[in-house]
Amino acid sequence: MKLERIETPGIAHYAYVLADRGEAAVIDPRRDVDDYLAAARRLGARIRWVVETHRQEDFVMGAAHLAQLTGARVVNGTGDTFGHGDLRLRDGDTFPLGGLTIRALHTPGHTPESASYAVYTDASQPWCVFTGDALFFGTTGRTDLADPARAAENAARLYDAVHEKLGSLPDGTLVFPAHGAGSVCGSGMAERPFSTIGDEKRYNEVFTLGRDAFARRKGGERLPRPPYFRRMEQVNLQGGMPPARPPDAPPLLDADRFAEASAGSTVYDTREPEAFAGGHLPGSLSIWLGGLPVFGGWMADEHTPILLLTDRDGDVDVAAQHLARIGIDGVQGALAGGFGAWRKSGQPIEASGVITPRLLAEQRATFQVLDVRDDDEFGSGHIPGAEHVYVGYLRDRLNGLRIDPQRPVAVTCGVGHRAGIAVSVLLRAGFTDVRNLLGGMTAWKNLGLPLER
Amino acid sequence: MKLERIETPGIAHYAYVLADRGEAAVIDPRRDVDDYLAAARRLGARIRWVVETHRQEDFVMGAAHLAQLTGARVVNGTGDTFGHGDLRLRDGDTFPLGGLTIRALHTPGHTPESASYAVYTDASQPWCVFTGDALFFGTTGRTDLADPARAAENAARLYDAVHEKLGSLPDGTLVFPAHGAGSVCGSGMAERPFSTIGDEKRYNEVFTLGRDAFARRKGGERLPRPPYFRRMEQVNLQGGMPPARPPDAPPLLDADRFAEASAGSTVYDTREPEAFAGGHLPGSLSIWLGGLPVFGGWMADEHTPILLLTDRDGDVDVAAQHLARIGIDGVQGALAGGFGAWRKSGQPIEASGVITPRLLAEQRATFQVLDVRDDDEFGSGHIPGAEHVYVGYLRDRLNGLRIDPQRPVAVTCGVGHRAGIAVSVLLRAGFTDVRNLLGGMTAWKNLGLPLER
Amino acid sequence: MKLERIETPGIAHYAYVLADRGEAAVIDPRRDVDDYLAAARRLGARIRWVVETHRQEDFVMGAAHLAQLTGARVVNGTGDTFGHGDLRLRDGDTFPLGGLTIRALHTPGHTPESASYAVYTDASQPWCVFTGDALFFGTTGRTDLADPARAAENAARLYDAVHEKLGSLPDGTLVFPAHGAGSVCGSGMAERPFSTIGDEKRYNEVFTLGRDAFARRKGGERLPRPPYFRRMEQVNLQGGMPPARPPDAPPLLDADRFAEASAGSTVYDTREPEAFAGGHLPGSLSIWLGGLPVFGGWMADEHTPILLLTDRDGDVDVAAQHLARIGIDGVQGALAGGFGAWRKSGQPIEASGVITPRLLAEQRATFQVLDVRDDDEFGSGHIPGAEHVYVGYLRDRLNGLRIDPQRPVAVTCGVGHRAGIAVSVLLRAGFTDVRNLLGGMTAWKNLGLPLER
Amino acid sequence: MKLERIETPGIAHYAYVLADRGEAAVIDPRRDVDDYLAAARRLGARIRWVVETHRQEDFVMGAAHLAQLTGARVVNGTGDTFGHGDLRLRDGDTFPLGGLTIRALHTPGHTPESASYAVYTDASQPWCVFTGDALFFGTTGRTDLADPARAAENAARLYDAVHEKLGSLPDGTLVFPAHGAGSVCGSGMAERPFSTIGDEKRYNEVFTLGRDAFARRKGGERLPRPPYFRRMEQVNLQGGMPPARPPDAPPLLDADRFAEASAGSTVYDTREPEAFAGGHLPGSLSIWLGGLPVFGGWMADEHTPILLLTDRDGDVDVAAQHLARIGIDGVQGALAGGFGAWRKSGQPIEASGVITPRLLAEQRATFQVLDVRDDDEFGSGHIPGAEHVYVGYLRDRLNGLRIDPQRPVAVTCGVGHRAGIAVSVLLRAGFTDVRNLLGGMTAWKNLGLPLER
């Protein structure tokens, strides 16, 4: 028996390739499946099964594509949220892999169809369980996706499923979830490389809290819901979709061609927020490289082509891959040579600006303050008098903001990434003096500056 | 908290880099430490501790070297078998790593000083335990190394230590041993990628057998003891040794130079046994690439330089690295272009030969049969009338063998690798007709040919 | 201006990516175009042109596919042998690339449509010339492909074109041909990394010989013509073809499945000939890995699926790629774990055999000798009394051979690779005692054994 | 015969590995020699000779180290500027490599001992020539290094040597220089991948200009001379020096440790200038990654340890390698996680600032302007009234500057990299309002803003 975990950075997604006696199963593959094929080669196995723990919302699945490429069969549950499955399992049903037996455990709550899959080396006890988004390290998946109004109810349902189906497994059972810390499919995950049922029982809030407390807590989370989740659900109803043909490798354009192309396009500037503040292409949108898998989807507009402006050429394919994984194909092009080529070309550069926490505190009256963190973060303490809107909703709620475009605005988030997005959104909307608070609320708090709750 | 396991192929050795809050510990490093340094870089941590679970016998350790390179401190036990330790722990002592606490657990039996190290994220219960050679997946380390006569006694001691120190840990504790299946430090390990205390309790023979049964079984194992183990112990008493300077990258020699150099050297032919049988350099020693980390040491003679003859140039550095890891530096050179270059040069090639099981069965009377597997393997069933000597001892016991160098000999082992070594040893000793049994005892048994026990 | 040469091993093919001011041209791409795309990324350029010097015979071109992927335009000549060209140039016509000008020079003789392309940095003199198969280092392309009967006539035509069109370029002009030493598109190429017109004038036989002498020499070459050339020409008439979808990565099969699958398939054993001689799967065909790009095509039968048996798993994709490049897709599978897995499985293994030159000389009367080199090689000296047929024609000419299947046969070629193929062909045809002459005619000659001309 | 060119980025240095018949020569190796060893492995050759065309000034050579590692012999000239040579050649002397003959050609002028090495495949004519810094593509090496006062005289001497020794070689001879475009060892090199004597004769200024015109031109260049050149010369007098032991891989430090360590150190911030302007560690020095191989040496102070602050962890080793190649070992550490980790830690961040060309033009009176380009660049046109000092001399000439630290300063260079260095130098010197001119003089000129000459 062999196992490889394959992580998708940016969305903290874990897929798994489990192999035994020359047969492999791939659990929860993403859209670009080469890494799974390579893992199966390394493990000396052919892929026989592709297992879907649930219909993913945060990325395009590769289940149907991988099955088509390899002749593997798709395993999932009986729920309507799966468009197709070659082997549809009810709670307790099993299927074989080499000398192993794999059993489906229905663990709804994150989504109604969510299932876990326990792996047995013999009849007695499981060796591991793939928990999808039902059980993460330290917490569970969020329970508001199916219906925000019933988040607490679904949390209770998930509590029951986890206790009944997973909590009854032996303590020594290894736990392999579909996400690690940093995913938008849940909040508060622990950073640990591996875990077990026994370990989780000791510190995971679904075990340490009582049923009601857990339901209140999980149900009370106010997590943003990226609008592209809807599209992911539609696509994943059909087992996801294959990579674009030709595969996404945006053409590199020189500065003149890039300037021309930018006329009808949205330029995503993937550099860090300080670099954007220090100089950028007028009208470009600042989304740092690591933020593309989420905010690249949030900011995309189906009708406007995307151009990439990166720190260096090596980032272009990473950026395109991040976007392709949430279904955004056909990036029009990227600036060859990164921002340096733009600078060298002598084309127009604009700067936004930054402000230190201390200066903002001193000149508080001069600045309007916009906090673009999520509700929970804002609720935990913010700069007195700050206006609040979550970065994802900013563009649509600009009109409702009590902020004067003609007056200076300081924008803040945790440390500056999301504020960078917001700065560029405001600049595109005609704001004239927009500054990113250096170090964000982390620096503000470290300096002991005043907070309001 | 992050963890990387780094495997050393050929000896199935696992080292670990554990990191938390920017600090890393490396457990049981081998001699060439670049992979650990790279892992620490990936994990964004500086190496603060180098932990030795015990004094290794099967490879040169890199503890002292790694400590010297990084400024890390060496952690080990109080036993005399450690020449130096910056932090010498008794059973129950702890040391910190980032936010973690690591506790030493004395688990002797494989060797007297063997310790395990349990890792705590908080005061209550451990998250994992590094077990060295005390507890493997499915079994324990061998107990005959310190003193073969007291193997059973040491097995009982190990049984007690494992039950008391490791068996008392929670079932959900992850188990990270120093070796996987294929190591010469134990036999009968299970092939599984991860395991837990609970998992091991269910199927590991140290838990499923009673104390006496386990002591009898483990104490009764008749495992070969490579002679270079002695040297490894001496070297590792000082924390191992640094890589050779310059690092071991044998010069590539053309066929003429290689032929010249081979006069006073031993040529290790690292191709597969069929290739050796089909054609080889006269006088060369056949040790397949994957067998070098063990048999390269066994066959080495301190006073004779080594030359490498490989299947392809890409194998040369792998071969040299295998040898360096057991302390054999200064390989004289390797044939540029592999065996193909030899063939092309028109220099002398000799063939040994092979024989199919069916033909051997038919012509049993014509052939002397030599079985070079270990005692346990031989005892489990062999070709009737076969002479037996373990491949490692063959060279020294040639005189005592009841085999006539002038008559045909068929040599066998499991499938043909070790028989290949033996064939080349016999040819060098002047035997004239030596054949490798194709497929070895595996094929013999599959064909239902007669066995003697 | 930047240039990368990308070699295709096995067929000694050179393609080029030339870039200037953000624009790139790819000259003579092969079927799998990823390396060219990557080179263009490295050079910071988008591919604007795909240039075909001529319709290739020895591999599947990627011109049409690359153009389709990138939006580049295909540049070639006016001849009928190009099915499509976006820009069809006559002798002397030019097209721009960045700040460069590229001029077509009609250089027929290898094939009627063959053209060279000279690159000018300014109006005065060229910087380099891409010569396709018209001018190699040290010689020209073969001139027998269009019509063997008119090889000398075409050689004279090529002589004229080279002298007129290329010989008139300045001596300092760099020469970039489509093949290096080892290609089947010509014989006698020099091994040098770079060359110039001046350099070639000094030592290339097309310049050092007179017109008649060159025509006689080139026209008198008796080079084998692989039968798959015909198919390549058909495919390349359309600009080649795209890679298979899914891309060719044969599934790894365990020994049992491989044995099953081998029933209706041809097993290509890609190990070296000694390994095959020392043990192989009964009925398998021996084609060493490096020989697949030529002999894999020669031995293929359109109706029989292919299985791969390699030395190690890492060779599987290389082998499949070699085959795909000559249009052989859909390899059924490969043995997971290489020959070692077969050996370990206990399945049947057969050996052929080898013989040393000295032994063959001593026992010449016992053995029939078959020499499978090409006509020119055979003509240059062979073992007295040897039967001769080129390895590529062996299967079809078995009946005409004066060789008795029931008597021992020694097979020879240059050093043993092609003899290895022939050995396996004879074994499949029912020959019972077939041996590869160790070191082939190279070793035979080195030992000063008797030769017949 | 095979050849690999190995480039050292940042200093545009070319070394070469030339191999023939199993023997290799390495021409002008840098300090870290692994790439040359790997190339020799690829080429199937052992390194027999290490050739020094001259004593390098811009990087630490690896000649002595490479010779010591491989047993190769060092080849150079008879001049005093070589401390040691195993084979010291006078003009016209030769040495063998495989089947090749290599001839030394004395080509002084860049430095007195400079030699070129012509490679002959046979007695008649050379195939290529390694020209060191005597002949580059399009120009020659600078002639002011030995003695700035005699630059014109040395230029004439170089003119003579090039015409006599290199101009007399056949046009078809390939030219392989020691530097490409971007080196500080010369200015005005052409960007082309390969060239020949014939090609150079056509467009290289040493051939297109007359002797006097060339001497005037070359002698009139006012190129900065980095102060670390002196140290390189001293070190290279002994054949360079081996890499540091342990090799330079700075420890990664978390933000707290980095902050502590920064107290007594110089922090090199290797991000792009906009990123530095948008936010940086107070007191840090801005040297973009690609500029380290030159300005890292210029700004270094032997007594102050260096810390690295990068954009991402992957840049740390690149940065350390850049520094090691100019002899700067022992970088104290690097911030784990790059600038993002600093931002996240909530530690102090300061911003400098930027200004657009248009705004500066409008508010010219408000700003002092400092131009830090070299003399030739400044002379070719600058902002009216700009103060000028070359960036390399800024720190030492701060006192003499007519710039008021209390008033706003706009700093400019070509596009902003060197200005970024200058901004950070001024900030460290207590200037309060320092801004990098966005896009530098390139953007200024593109906008048609006023220039003064």
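The letters A, B, C and D name the chains in turn, as written, and every chain counts its residues from 1.
Keep in mind that, in the parts below, a residue touches a chain if its C-beta (ideal position, glycine included) is under 8 Å from a C-beta of that chain, and two chains touch if they have at least 3 such contacts.
Since we're looking at a predicted model, the values are computed, not measured.
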{"item": "Chains touching both chain B and chain C, listed by label", "value": "A, D"}
{"item": "Contact-richer chain pair [A-D vs A-B]", "value": "A-D"}
{"item": "From chain A, the most remote chain by mean C-alpha position", "value": "C"}
{"item": "Rounded Å distance, chain A centre to chain C centre (Cα mean)", "value": "48"}
{"item": "Rounded Å distance between chain A and chain B, as computed from the means of their C-alpha atoms", "value": "43"}
{"item": "Residues within chain D bordering two or more other chains", "value": "none"}
{"item": "In the complex, chain C residues that touch chain A", "value": "21-22, 37, 40-41, 44-46, 68-71, 245-246, 249, 251-254, 257, 313, 316-317, 336-337"}
{"item": "Chain D partner contacts - residues on chain A that touch it in the complex", "value": "271-280, 311, 339-340, 343-351, 353-356, 415-416, 436, 438-440, 442-443, 445-447"}
{"item": "Contacting residues of chain A [partner chain B, same complex]", "value": "1-3, 121-122, 124-125, 127-128, 170-174, 191-203"}
